[in-house]
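Here the structure is laid out as structure tokens; the discussion comes afterwards.
As written, the chains take the letters A, B, C and D, and residue 1 is the first residue of each chain.
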Amino acid sequence: MQTRIEVGILGATGMVGQHFIKFLQGHPWFDLKWVGASDRSAGKKYKDAMTWHLAGGTPDTVANLTVEECKPGNAPRLLFSAMDAGVATDIERAFAQAGHVVVSNSRNHRMEQDVPLIVPEINPDHLRLVPGQQRARGWKGQIVTNPNCSTIGLVMGLGPMKQFGITKVLVTTMQAISGAGYPGVASMDIMGNVVPFIGSEEEKMEMETQKIMGEFAGDRITPLPAKVSAHCNRVAVVDGHTEAVSVEFSAKPSQADLLHALESFSAVPQQRNLPSAPARPVIYMEEANRPQPRKDAERERGMAAFVGRLRPCPVLDYKFVVLSHNTIRGAAGAACLNAELMHSEGMLD
Amino acid sequence: MQTRIEVGILGATGMVGQHFIKFLQGHPWFDLKWVGASDRSAGKKYKDAMTWHLAGGTPDTVANLTVEECKPGNAPRLLFSAMDAGVATDIERAFAQAGHVVVSNSRNHRMEQDVPLIVPEINPDHLRLVPGQQRARGWKGQIVTNPNCSTIGLVMGLGPMKQFGITKVLVTTMQAISGAGYPGVASMDIMGNVVPFIGSEEEKMEMETQKIMGEFAGDRITPLPAKVSAHCNRVAVVDGHTEAVSVEFSAKPSQADLLHALESFSAVPQQRNLPSAPARPVIYMEEANRPQPRKDAERERGMAAFVGRLRPCPVLDYKFVVLSHNTIRGAAGAACLNAELMHSEGMLD
Amino acid sequence: MQTRIEVGILGATGMVGQHFIKFLQGHPWFDLKWVGASDRSAGKKYKDAMTWHLAGGTPDTVANLTVEECKPGNAPRLLFSAMDAGVATDIERAFAQAGHVVVSNSRNHRMEQDVPLIVPEINPDHLRLVPGQQRARGWKGQIVTNPNCSTIGLVMGLGPMKQFGITKVLVTTMQAISGAGYPGVASMDIMGNVVPFIGSEEEKMEMETQKIMGEFAGDRITPLPAKVSAHCNRVAVVDGHTEAVSVEFSAKPSQADLLHALESFSAVPQQRNLPSAPARPVIYMEEANRPQPRKDAERERGMAAFVGRLRPCPVLDYKFVVLSHNTIRGAAGAACLNAELMHSEGMLD
Amino acid sequence: MQTRIEVGILGATGMVGQHFIKFLQGHPWFDLKWVGASDRSAGKKYKDAMTWHLAGGTPDTVANLTVEECKPGNAPRLLFSAMDAGVATDIERAFAQAGHVVVSNSRNHRMEQDVPLIVPEINPDHLRLVPGQQRARGWKGQIVTNPNCSTIGLVMGLGPMKQFGITKVLVTTMQAISGAGYPGVASMDIMGNVVPFIGSEEEKMEMETQKIMGEFAGDRITPLPAKVSAHCNRVAVVDGHTEAVSVEFSAKPSQADLLHALESFSAVPQQRNLPSAPARPVIYMEEANRPQPRKDAERERGMAAFVGRLRPCPVLDYKFVVLSHNTIRGAAGAACLNAELMHSEGMLD
């Protein structure tokens, strides 16, 4: 795995694109060589085409790249897509059609039957949808997606518990403002406030969770036959989505069973030592009042899910809190880990 | 009801005591004449015995009252208790023993079998526990309590729905910092953060909800036979607890049934036109992203509950958001409305 | 003064317009009868033409008014202007030309030589510019302005001290987000942050202060011959601009002289008992750590300036802190008090 | 410099002590081997003696150290002091008396005539006070201090300009809550608020600035003969003190002179390549609205000062903004860099 792989970013000037750029700095496998954005930006140097919104400044390695139009042509084979939903559908398809491997954070294709929606620790085998996707669409390339930022934390918390037969999930999120991009949430709306609504978020969480935790069989995914209900809220936090979860199981595990499952959880990314994989994908915190987004989300380079407060639930069986970093594990890091998984499968060769 | 009634406050120098003082300003029935606090403060002028923490300054009417020890003696018959849980048990009992009507916001006696835990719109008939309380304890006085600040919003949202047979309730709170008093929550803990734990809060919400929504029969309360599960969180909001609620009903009402029940809800405090009663105890907000604590909690003088986003829940039957002002409807205003209800029943004569 | 006066608002759908609507609720002299906005909104009911951003809801009295185009015609004679700077210049002139009294919060005409820039407690005599304005421009109507929100607090703090010969002023502001309108400041920019720059704000504060505190003589204003330097910063506060001020005086007053001047300050609006005038325009707070925006800005209905921490300055002569409510005293309330002053002068007859 | 040096921390369990522990992780010269705290903590394992308040968890290397009493005995020769001002005076003296090198962040000894108050980039030569200190006090050990967190940013911004003859400095700070330790500032005091007062902070900034920028001559420091005036404010920021500064110079430099001085500034820590020294101690940011605490303070590992918005000041000569990380460059990192400077001078041999 010593050959370096050139990569590009579709939608590189937006906030998600900036997160990709930051995450890819110093990556041991991937070299960022190409940045694509809207026609308005194309032809400019990257540093002149956007305002950098993240802590730290524009990385030197990308500052002087020339922004390209989002059209197949001189782009590398492997492309991360950070495009707005408004434009991603056609552009991602065009690149896949032209033979590119599109590893997308956009929501557009996630729920299509032949598109893998991957969290490497949970459903790496869903990548097996790709041959069917290529066949059905006549593509040499492919589209592989990662879920919405609020879904990832949930499925990482639930993943180790799947063996006990999840039948019902009720989750209430407290989501960070960075999930809404830039300018995103107006300060007049969120300072000292809670906004108990995020457009389409609840539907996404409910459906994506069922798909990710579903079974690949034959050539398709059978969604997890669990009822999932989400209440999504925006709170005054910069990074890190906190989620209060209640779950019901068919196998009625003990609390010790669940705790053991959480603490011993390890999966393909850990076994293959993928460069962006956290040593332990789920970290259980013993303290009574953790995890907390400002204090914990950035631990383990923002790539782990942090679980705490596992306890019985009077309505379903158990309840707990899960936290994950929405722009790292929930976006740029998610897609990057997907690409690493794909490389480890030989899908980038 | 034109005779004015003298009242005092036990624990007047703390933050809850200050909320009582602020709420009682200009009250049409009650005259604040007496302020009690710890020995350390007794003998000082009120203004010299504390630091005022609320917006606006110390009201002139109380600034020069002399702080008294919390011992029966020269106190008015009607006393509001804002005492810390650490000291409230014995002091409240001593005053009730000595013939005082103690209307308490403290948690100490709430769950005792013969102590009414009242939300006037929900269970005014639970005041009928008082004669038994007096008989059993040999008191001329009495203790009447209001629930925890996070419980009140929940039961006000659920109250109009009780007719449909509530069987399960799952609630996740996003609670304001003012609920923790002063100095309360350290800014290092809550700025840009969520703390997914509030000591004993979940247990209080679960048990108090069952008691308040229970039935008075014979001389005792039969708790509501519903399962209640609470996830309690602290968020970076000054005033106003927001709660995401899922509910299951035995009678399987339609969404229109529930909406009608919420919008047409009126109860004893409204019918009797109690001075602190909101015109409508529950206000349903049509906007997709409301209610919100900073924008809505202070409406209706902080005495209404605001409900929004009523919709089907894939796990239970319906889900919604409820907001109430934790230091007004959830504390000082709650106790004051309880006293008004008691006065309207002739219990202060 | 019992005849009621009909008024309208230019730019009624924006955030400043909403502040005007809220401030005018229940006004004893002015009846809001007309709301003007862009062509896009014209013809709709007010409630359908905007999203209401302020705490509390859209007042009933305005919700069903039909939004008009901002063209002279059926508008009342007295108009408050809440228009964006991008469009205010021509529209305000057109209305003044057509005989309207335009009392504007917009910045466009403030620094024109024949346009009064008024803070009623400080320079009510500057209204005497109006006849010259009408003469020079051939207008029957007129334009009268109030200053920028950050200027008002400064000049109200300095006003009582003017008698001591102000020669230098150095001010650093910590300004609330509401000053930037809606959506205004992105939460990603201000949460847990300080933005040490507000476009054109420093220049406005410096020049407006000199004009307001200048002398009307002949038919023009001679600016205050003081050097004024402003550092303007945005902080994570909803309402209320806090300003740290150092001042140098030619008359070298004692600290007691200044304190007396602040505490005894009263001016034309107080003497004439104008309805929006605070009883005391400047309130000196003795506490070591006040004034504070969240705790103090709304006192006195948001119409007073709060001063604290008067002490010697090692570089200039004295330093102090001043706070004022930027959307009330600094915008809607400022213009309304200007109109009240004008009415008391017979200028609306 | 390859021999490793054992170090200890006085006051290791408090928040400043935790910052020292975090900063010393992986230090190339210093090995943390000893942690001292109050009698109450002594004898416990470190992890059991405190609640860890910083992002990330308690480092493994210190978690199992046994906390010692703060008495000379088995402590390493080099000790960092993070003690509260209430106890630091005598304990630091006792250790210095017993031969220890006490590198202190506490304020207690800073202003004593024979105690160096060091910012390595600004006044490394002030270490030459030490021999006189040892002689006068009969100590084999010594006390060397770093300034208050708000002073460091100011003097780092002013340092490069000292050559132009600084005669007046007026600074207004907007300081982060982490500067107040834990629990420190109550959330009820600072959420959505500004507190325009920090006890003793203004006096410290004024005097410390004059001492640090003064001249060592003979065996004492002659303070900088400049007038310094500070307005200190607390704002809702977690880390990073932002300061608005106006300065007057005797040499009347051009703006280009100042900019060149800032951008070319380098000093002893850079020349000696001290491990905690930033590559450039002062970084000038060209963007109109920078530096900003949440976005910039952590750059350069929190050890640089960030300057922006250099422009003429109508009252003094120039004004600018400076930002520095208060718990790193302003506390733990400051003391550590002092110790590195001392080691590079052979003072730890």
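The working rule: a residue touches a chain if its C-beta (ideal position, glycine included) is under 8 Å from a C-beta of that chain, and two chains touch if they have at least 3 such contacts.
Quick caveat, the model's predicted, so the values are computed rather than measured.
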Can you list every chain that touches chain A and also touches chain B?
-> C, D
By the contact definition above, name the pair with the higher C-beta contact count: A-D or C-D.
-> C-D
When the centre of a chain is set as the mean of its C-alpha atoms, what distance in Å lies between chain A and chain D?
-> 40
For chain A and chain C, let me know how many angstrom lie between their CA-based centres, rounded off.
-> 48
Cα centroid separation between chain C and chain D, in whole Å?
-> 42
At least two other chains touched by the same residue of chain A: list those residues.
-> 189, 191-192, 236, 238, 294-295
As the complex stands, chain B meets chain D at residues 15, 53, 177-178, 182-192, 236, 238
Could you please specify the touching residues of chain A with respect to chain B in the complex?
-> 168-170, 172, 174, 189, 191-197, 206, 227-229, 231, 233, 235-238, 242, 244, 246, 288-295, 308-309, 313-316, 319, 321
Chain A-facing residues of chain D, complex | 54-57, 191-192, 238, 294-296, 298-299
